[in-house]
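Chain lettering (A, B, C and D) follows the sequence in which the chains are written, and residue indices restart at 1 in each chain.
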């Protein structure tokens, strides 16, 4: 995978250093969170599957940091980064991954269903592509009540071959809904190369065929992504209807933490490692004059925070058994009367 | 009191709830023209195209969008046109709508109503005639409603719209034109409460939807023979009114479940099994189910009829349960 | 609806008169069949819904008459024309619409599930868009055994907003399957104008975004359609992968026979009536020197044939009751043992 | 005889059938890498990418294409990865595959196998843990199979591939690693025939899939208390082996159905209702079902366990049925 031909040009060097240092902080926090989660997994503390987004952090940061807290996002099975960047509490997130009391979902969802409605994060999803119609519906609700919010919907390159991708994009366009679609194109659908499964040029081309403006971007260029996300979000918020960002990136791990990903070319992996979005942003900030100590602190503080977060989760109690019967439904609640 | 149709009752229910609560809206195909059966007639003119929304032929997105819209604070009423087409939106209904509240630890509710017209009508063949209420009763998180009368379609649809749960709302296509009295003022029917459509002492017939009418027809014949059948119209299938059924069967000692759907793994199995579990020693005859054979529904009228439960079949089944032999042999 | 800007140019006047007279015969037979069916409906003989294709006959004729008998087609709820043009027996078809013994499906399917596997017609479908993956799968089977057949798949303009349209086209392209997709764009989805429900330029644009060559055609120009279908079918048969014809046409009746279609503009209907594909083809053939008596016979013979066909069906017996329990399944056959 | 795993048995079954019949092929996501659980390992190298086809993430098209490919003369084996994802293909399975043969008057058969791994595994939460066999048993046209042992996974998958019907083939995720003996030569297990996993005189436990193992574990405890439970593993749910069950319950007088799925409207309801209908007077205790409560499956292990049927619960239920009181009170 070489960078896309029509990726955004490198940005000018007059960086907004404060703003981008915040992006760097977020990216480090995402990476540190996932590295801690992987430690938790290897210790047997995380019992379900996790899908790390290591290598893809720039996308989550660029999109979510350009959103308002009241804006909404819908995420995927690979959703830790989006959730954290949108402002969810890392402690509650890690507890969720460990299935503990105090998890964002009370331990009932785990990694694949992580959600924090208090920051507008309406859920990861275990079904590829299913979050697209849900995002569109959330935007429909916003439009009905004339709210200022927008909805960002993340999905992978594999998801664009599912029907809901078409149905959701078509819907967003005809109802002119405030949705930013973000295709995180990491070139792989689980263990299969997405290109082999995908007709045509992919997400951007399909969006354009529906009259939805779309851009192809370098997903490992945090600075370019930030600018593109800011512009796209502004356009969506201005009522111009949906937009799509087709972002080319790469996951440095296997599909799940358990996947050694031996099916990938070592050279491909190495080429992408050289384009690590965090290292690139850190280098750009250093070049722009940000204090190296600040940049180093960004990394170390994130690592320290997430080590704490894992410790907290490890020490947290299991959820109360009653939770298994709670929040099923009001009418015909199973907790009300045993069957 | 006024006489109205099952169809008009549903229109009134939706209109009243839309009037009462601005967060209620409806979405589906051809709603602007009144919907495929006319159940939305006049509503777009009254409430506008934003709240009576014409959608593309995208059942998955209709249901999925409703899930998102419900989580984001509105109360969508989803029209699936024929319950068969809801099978294009099963992931959205079963994996998303039903589970979101639980998976997210109670952070969201999903107050949507999924209207799915069910049942045999006339020569509609295998893809426009199904009744799959048993499926939805099996899915944690879902409420399942199947009204049989105009008054119930009014009162239950209103309650369904007010419920904070996803409700699968099964109107029967063959009942649209059915007439009945409905109260003039606000009329709410609580979810989960059965209606005793006819009182009787000899056998309890538990049924719902269009089979209420068919069962009542059978009781006329039976009454002529001195058999007094009680007919319980469940109205809501989840939660079903176990107390009402147990109380009745405790009196009559006989349970006959009648439904239009396929017998095998139909919801009648749940009722029969539950009663057999709980009232075994009170039964004066084995529990009994009447439903369709396990065949797709054919187009040609005589073949279509092979899948129909008739008043005669119901009367015959009840009669057999009352025969002295029933209490002995099995 | 004015004709599309990039519709095929009118064909040269050196017509293959014999070939096109056969097309005319087929179109008249389709129309006469459906008019007879409508009479059957008004007499109460046809009990289920029927969706006439009156006004759209040129599409069925052009595509099906360019196929070999061993080629396969998949159709829609509006499938009488395709079925007849592919070579099904009109008598058996009418019996099917009346639910009688001797119907193509033994009376078990009716209009919406009409099928005649003996001529490669693998079924109409009651679920919009569901025939697309099935068509693709039939083509997949052909490809697996290296057969020379191709598969044509008809669907309406409304169907392109369903997920299976995307999934099916993507599939056909990546597996390079011999499928001709034919979108019969009659501008309406039941009682709603499809344009209001459809983002972008429609079927052809969406196909192109998937790398599938697509043409927009005047669906009421039998001569142009014939040429386009012939070329497209040749390309598909040559192993070039799927193609799509986006054919603009119009249904002169309501959505079903029971639909008065009062929601349509009278002017729109009249404009299309003036473009009646049968009248246009007949006029072109007359101009090209075909004997007017031959042209008149085309119409009258079709009418006579279909009057007979309706009489035959009317007199036909109901299917045997045992048919209700037959052909459900082999294992656990309901006929085997009553439950 | 050789010891093998449930997983390897399925690989062998498919390989043998592909060897035997060139019209057999498999399609699904990631099959080239062996499939998500490794059940296709080595098959693409052996049979080529055309016959072990890697598909896009397009469950609707995977199933729909299989319908077309089956009608056009091949025998596709569909891999749905998790049964939950098959809900993205419900129209294709239920409205198309199941009904095509009937709707078209027998012109076509649809010999496909839809493999749908079911069940709870470990912290897989609500969208990766479901068991919906009851749904498919309710659908005319479908055969439903749920093997519990390596030998049965070998012999039933082969039979399913040879059947001319669409077969919903439910492997249990928690059984992949289970070991057992399988015959060396050709081994076919007929569809629709139950297996008596353990003989006993006191109570009949009817079960399938992973609950065979759990039920057998319970019988050890019970045996220690002098209770001899018979365990019938149905193996095929449609058609289920009614003769075997009726014969056993006629002897024991007690029926306990055990399944992992939600009890309400689960397939246990069908079995319990059927037995109550047919053997009411032979029963020495009311029929009884054990399944999951009507809750989505949670992620956290202790909450997930709340949905699990355990050997203890089975033993307790059996014990209660044998208590003298069971024969009286209800």
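Operating definition for what follows: a residue touches a chain if its C-beta (ideal position, glycine included) is under 8 Å from a C-beta of that chain, and two chains touch if they have at least 3 such contacts.
These numbers come from a predicted model, not from an experiment.
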Most distant chain from chain D by Cα centroid: C
More contacts between chains, A-B or B-C: A-B
Centre-of-Cα separation between chain C and chain B, whole angstrom: 36
Computed distance of Cα centres, chain B from chain A, in Å: 41
Centroid spacing, where centroids are CA-atom means, of chain A and chain C in whole angstrom: 45
Euclidean distance of C-alpha centroids - chain B vs chain D, Å: 29
Multi-chain contact residues (two or more partners), chain B: 55-56, 58, 60, 84-85, 88, 91, 95, 102-103, 125-127, 140-141, 238, 264, 294-296, 298
Per-residue overlap in chain A, given as positions that touch at least 2 other chains: 103, 105, 107-109, 113, 125-127, 161-164, 167, 170, 174, 196-198, 323, 328, 332, 334
Chain B - residues contacting chain D, complex: 84-85, 87-88, 90-91, 94-95, 98-99, 102-103, 125-127, 132, 134-135, 137-141, 238, 261-262, 264-270, 272-274, 276-283, 285-289, 294-296, 298, 328-330
Complex contacts: residues of chain D adjacent to chain C: 23, 25, 50-51, 53, 55-56, 58, 60-61, 63-74, 76, 91-92, 95-96, 100-108, 140-143, 163-167, 191-192, 238-239
Complex interface listing, chain B residues touching chain C: 29-30, 32-33, 36, 54-60, 84-85, 88, 122-128, 263-264, 293-296, 298-303, 306-307
Touching residues on chain A, where the partner in the complex is chain B: 72, 74, 103-109, 113, 115-118, 122-123, 125-127, 130, 132-145, 163-164, 167-168, 170-171, 174-175, 323, 326-332, 334
Complex interface listing, chain C residues touching chain A: 161-167, 169-170, 173-174, 196-201, 205-206, 208-212
